[in-house]
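First subunit A sits with subunit B, and in the next complex the same chain sits with subunit C.
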Partner chain A sequence: MKIKLSFKTFNYIIIGLVLIIAPLLFINNYYIIYLLSMFLIYSILCLGLNLITGVAGQFCLGHAGFYGMGAYIAALIATRAVGIPYLLELLLSAIGAGLFAVVVAYSCIRVSGDYLAIITLASAEMFRLTCTNWESLTNGPMGIIGIPYPRILSVAINNNVKIYYLGLVYFFISLYLCNLILHSKYGRAFKAIREDEIVALSMGVPVFKYKVLVFFIGAFFAGIAGNYVAHLIMFISPDNFTTNTSIYLINSIILGGIGTISGSFIGAGLMLFLTEFLRFAPAAWRMVVMAIAIIVVMIKMPQGIAGSELDYKKWFNKIIK
Partner chain B sequence: MQDNKKTTPILKVKNVSKYFGGIHALDNISFELSTNKITALIGPNGSGKTTLFNVITGLYKATKGSIHFKKRDITKERIDKIAKMGIGRTFQNIKLFANSTVLENVMVGAYQLLDNETFIDVVFNTAEYRQLEKEILHKTEEILRFLDLYKKKETLVKSLSYGDRKRVEFARAIVGDSKLILLDEPVAGMVEEEKLFLLDKIKELSKKNVTILLIEHQIRFVSELASSIIVLDEGKKIAEGKPVEIQENPLVIEAYLGKGAR
Partner chain C sequence: MDNTSLSHFVQVTINGLSMGCVYALVAVGYGMVYGILNMINFAHGEIYMFGAYIAYSALVCKMGLFSSILLSLFFCGVLGVTVERLAYKPLREASRIAPALTAMAVALLIRSAVMIIWGSSPIMFPQVINNKPIILNNNIRFYPLQFSIIFVTIVIWVFSLWLFKYTKIGKAIRAVSQDRNTAWLMGIDADKIVSIVYLYGSILAAIAGFLIANYYILLFPLMGFLGTIRAWTAAVLGGIGKLSGAVIGGLLIGLVESFAMTYISTAYKDVIIFIVLIIILLVMPRGLLKGRGQKV
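This part shows the complex of A and B:
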């Protein structure tokens, strides 16, 4: 029996297998497993941001704020409300981040483009400054330390490999959900809003409601990533959620492919690789290399790496023939 | 040519005016559209035809007057709600999603048919959701076949010819089962063969329980298609009647050709 394999499915199977096997090859290398876990976090963040900015066209420069909200909710519950089941804490992190995004979306619903970017950026900064200054709750700039490993029912996720696989589950679920949303009436409506709001309205799409909804969904994923990072590094502080993080994420989706699912994790992986590769280079050089990488991609592949899928498809088809 | 039997009006426009500051884009316009008929809206450039479309579809709110669709007052309704009630439209300047495929563009038009598809259904990938999506895909493909676009369904809209794009926009307007379709210059810029093709399709559509109001400049095209014509000039309705009557109406001739043409 001959199994017909599409290019897309083939890619996903390969990536899935690599992500499942990779930590087993580096089981004693804490650094590599940590990097792989960070890759999962950035991929989930980019998936959410790509829905907001890439698919629905809402230029968001405040994703770090939603990410931070998820992380702080997780940290506060895990350290101060011991006894709350981990899965409930995860849900609260995701919903909390989503609700924060709903407030932001409502406040900037009538603006778009640069103005929207500025308001979202300001909202993330407001969140960061609140965390810095509300010392009684967040311990201010010192951050929250001693966030324990999660425990799901009776299973303790108590080492770096286990927590990696927990992240991998979140990543696969996020990928699956994004794919479903993108191919549903919601995904089509989001794209319509990005292309032309008047046309979207004329087709019956309640644009206002959907803009708020896409912010909620994108931030929901950011909340999951935030919850995960808090348990992974066991310490969070406002410095983890600066504007740099938001810009880093925007760069990732531009490099990977704006508006595409695969572009989210391709971009996240590439940015992480570049950052780590250049870790010991002088800071100025790091910025120069990053900037050159983005400029090259924007000139040669304006739709990002995943956006230039067609050329790889030809190559793939030649090989399987 | 359409028959002249009296039928129930699907749309009632009563004393509608639209002012932009001191400019009277529409001035006291009234008319009714009979169910399942094709009506043409003609008039010189700047006479208010597209503004009237925008007021009917809710893009602009009427300064005065009222609009009733299927006996329901829609004068102050939101655009998306009006679309959901069953008014579809195309635009004078083609407004398609250039970086999406033909299929994706047309499927957006079926949005109002998916009221039962909830977000929870999507997230849990329920059987009901999958069935609805299958039905919508099937319906969209049917419309693409009807307009001879099926073979191009995976083509990006930006690489289509002008005539094909016009047809894609038409497909998007009709896929949602709207009962009233507003077509803003549907054949403008098309070659003769494409025009005749679309003309046939519009006629066919009107036989399927769909009422059509279209803006067109070419009186020959309009006379072949419409059972009645409404003529606007400088925001005012100057004539309404059968194509033969309109062609001989001195006010219409004057509006198009200027004073002294009579």
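This part shows the complex of A and C:
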């Protein structure tokens, strides 16, 4: 049997191998492994956001709220209710974030476009402000410290490399699930909603139900990422989940390619690279370079990087033939 | 309601109105660009922040009040048109979401430039306008600056409405906002009109920046971002594409903020604003004045 290797699978295999091998090369470099873990987090977040905004066309500016919900549930359970097993806690933070998104989606019941964007932004800000001010529960702006490393059944995840691989597992699972969703009847229905709600409705797509569903799925991934970040950094505070975070995520998916799966992690990687690679420069100059880079990329490729026909894609197709 | 609580109420209303006019002032300029290009202009607040900083430098260099206002108007106008030409014009035909990203990048650029030039810590704005409170009976304080902010907002609002409805250029602007290609076919230079709108929006931003800097007497680089979010909220609340909607939305937000701060809780004032916003959008999904519906 001859296996036909498409450009897409080839790329996925390469990226997968790089992500598996990379930490082994830098096993003593705490910083690089931390960066790679952050890349995984942002990729999972962008996958979820890309489902909501890219695939279903709901301009969501409140993804940081879902992310924060996952992180806070994880942190509270891990520090206050010590007996609960990790996998249950993971499930709770994912579902908690998802339910928060369902509430948001219900309050967007009649709106679309920018009206929806502002409601999602508002709900994320409301979440953040509540976390800041409800000091008895969340310790306010000081944040929650001392979140322990997770322990899955009898396996203790007790160093940075192990927790990186845990994140990698989440990343692969999310990628796989996203692919499944995108190519199922749900994915097609989401795309139909993005293109035209009225047409979708007359084709028999229950638009409102699916809108709520896509918010739930996107926030579910965000909840997983939030759970992971709480255990990775061991500290969370409301400052990690501001509007800036939401905007950063939106930037990543637009830059990477809106509505595409590969665009999610390309964008996440590029944004992380731009912010981290320029660390040596003073903060303000770093932002100048980053802004100019974004503007140039957008003008050259308005569809984002993954949405554009790149030269190396043609080159690959030529070789494979 | 006894006498003190009544005067307290009046005081809160006055504060709320002037705060609302501050938001309305930013939102009118924002709404111009927003209504015409249907683009979320994340850089509008940064232009108003930039204008305030220019005015600060001019005043520190002992320039007169009038000439420093003019200088800041000039710089903001140039900045607005340059940004439009360099960053937004190449993306005119792209999807709606691409220019939103370049706008965010431009906002980042301007904010960083301001941080490099003026530093990132807050600075005091020199108090040039006499702002001694007029004390009415019942101990109600009314600052002249509050009065001038309300006055300028009304003037700009009326002028913009007039410009929009009764002039030839306003007609062209409306045509471009309805359908750019058809406007081209009718002999309207749409690119020029868009530039004019940006110029006008930036000048309004500069005026707002100057007044707000005088009102709060404090400048900090993040004020642009906060201004953008407030202006956007106001514009959406009033209805996208409606000039008066931006003003009404801004006033409403200011009043809600002032009342929530006094009577409910300072810490949760933003939460209350957002709850009001969500309720209004649930009842009136296209804003108070029925703006246009749209998709991403």
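Simple rule for what comes next: the second predicted complex is superposed on the first by the 311 of 321 C-alpha atoms of A that agree within 3 Å, B and C clash if a C-alpha of one lies under 4 Å from a C-alpha of the other, contacts with A are read in each partner's own complex, and residues count from 1 in each chain.
Following the convention adopted for this analysis, a contact is a pair of C-beta atoms (placed from the backbone, for glycine too) under 8 Å apart; a residue touches a chain by one contact, two chains touch by 3 or more.
Small disclaimer: the values here were computed from a predicted structure and weren't measured.
In the superposition on chain A, A:177 makes contact with subunit B only, while subunit C stays out of contact range. Of the two partner chains, subunit B is the only one that A:202 touches; subunit C does not reach it. In the superposition on chain A, A:53 makes contact with subunit C only, while subunit B stays out of contact range.
Judged by the touch definition given at the top, the superposed model places A:14 against neither subunit B nor subunit C.
Of the two partner chains placed by the overlay, only subunit C lies in contact with A:107; subunit B stays clear of it.
Comparing subunit B with subunit C, more residues of subunit A are touched by C. Shared-chain residue A:185: touches subunit B; no touch with subunit C. By the touch criterion stated above, A:115 is placed in contact with subunit C alone, subunit B being left untouched. Considering their complex, residues 40, 86-87, 90-91, 94-95, 97-98, 100-102, 104-106, 108-109, 111-113, 115-116, 120, 229, 232-233, 236, 240, 267-268, 270-271, 274-275, 277-278, 281-282, 285-287, 293-296 of subunit C touch subunit A. Residue ranges of subunit A in contact with subunit B, taken from their complex: 177, 180-181, 183-186, 188-189, 191-192, 195-196, 198-207, 213.
Interface residues of subunit B, counted against subunit A in their complex, comprise 57, 59, 78-81, 83-84, 88-89, 91, 95, 97-100, 104, 107-109, 111-112, 114, 117, 119, 122-123, 125, 129, 133, 136, 172, 176. Against subunit C, in their complex, subunit A makes its touches with residues 53, 57-59, 107, 109-115, 117-119, 121-123, 125-126, 129-130, 132-133, 194, 197, 243, 247, 250-251, 254-255, 258, 283-285, 287-288, 290-292, 294-295, 298-299, 302-303.
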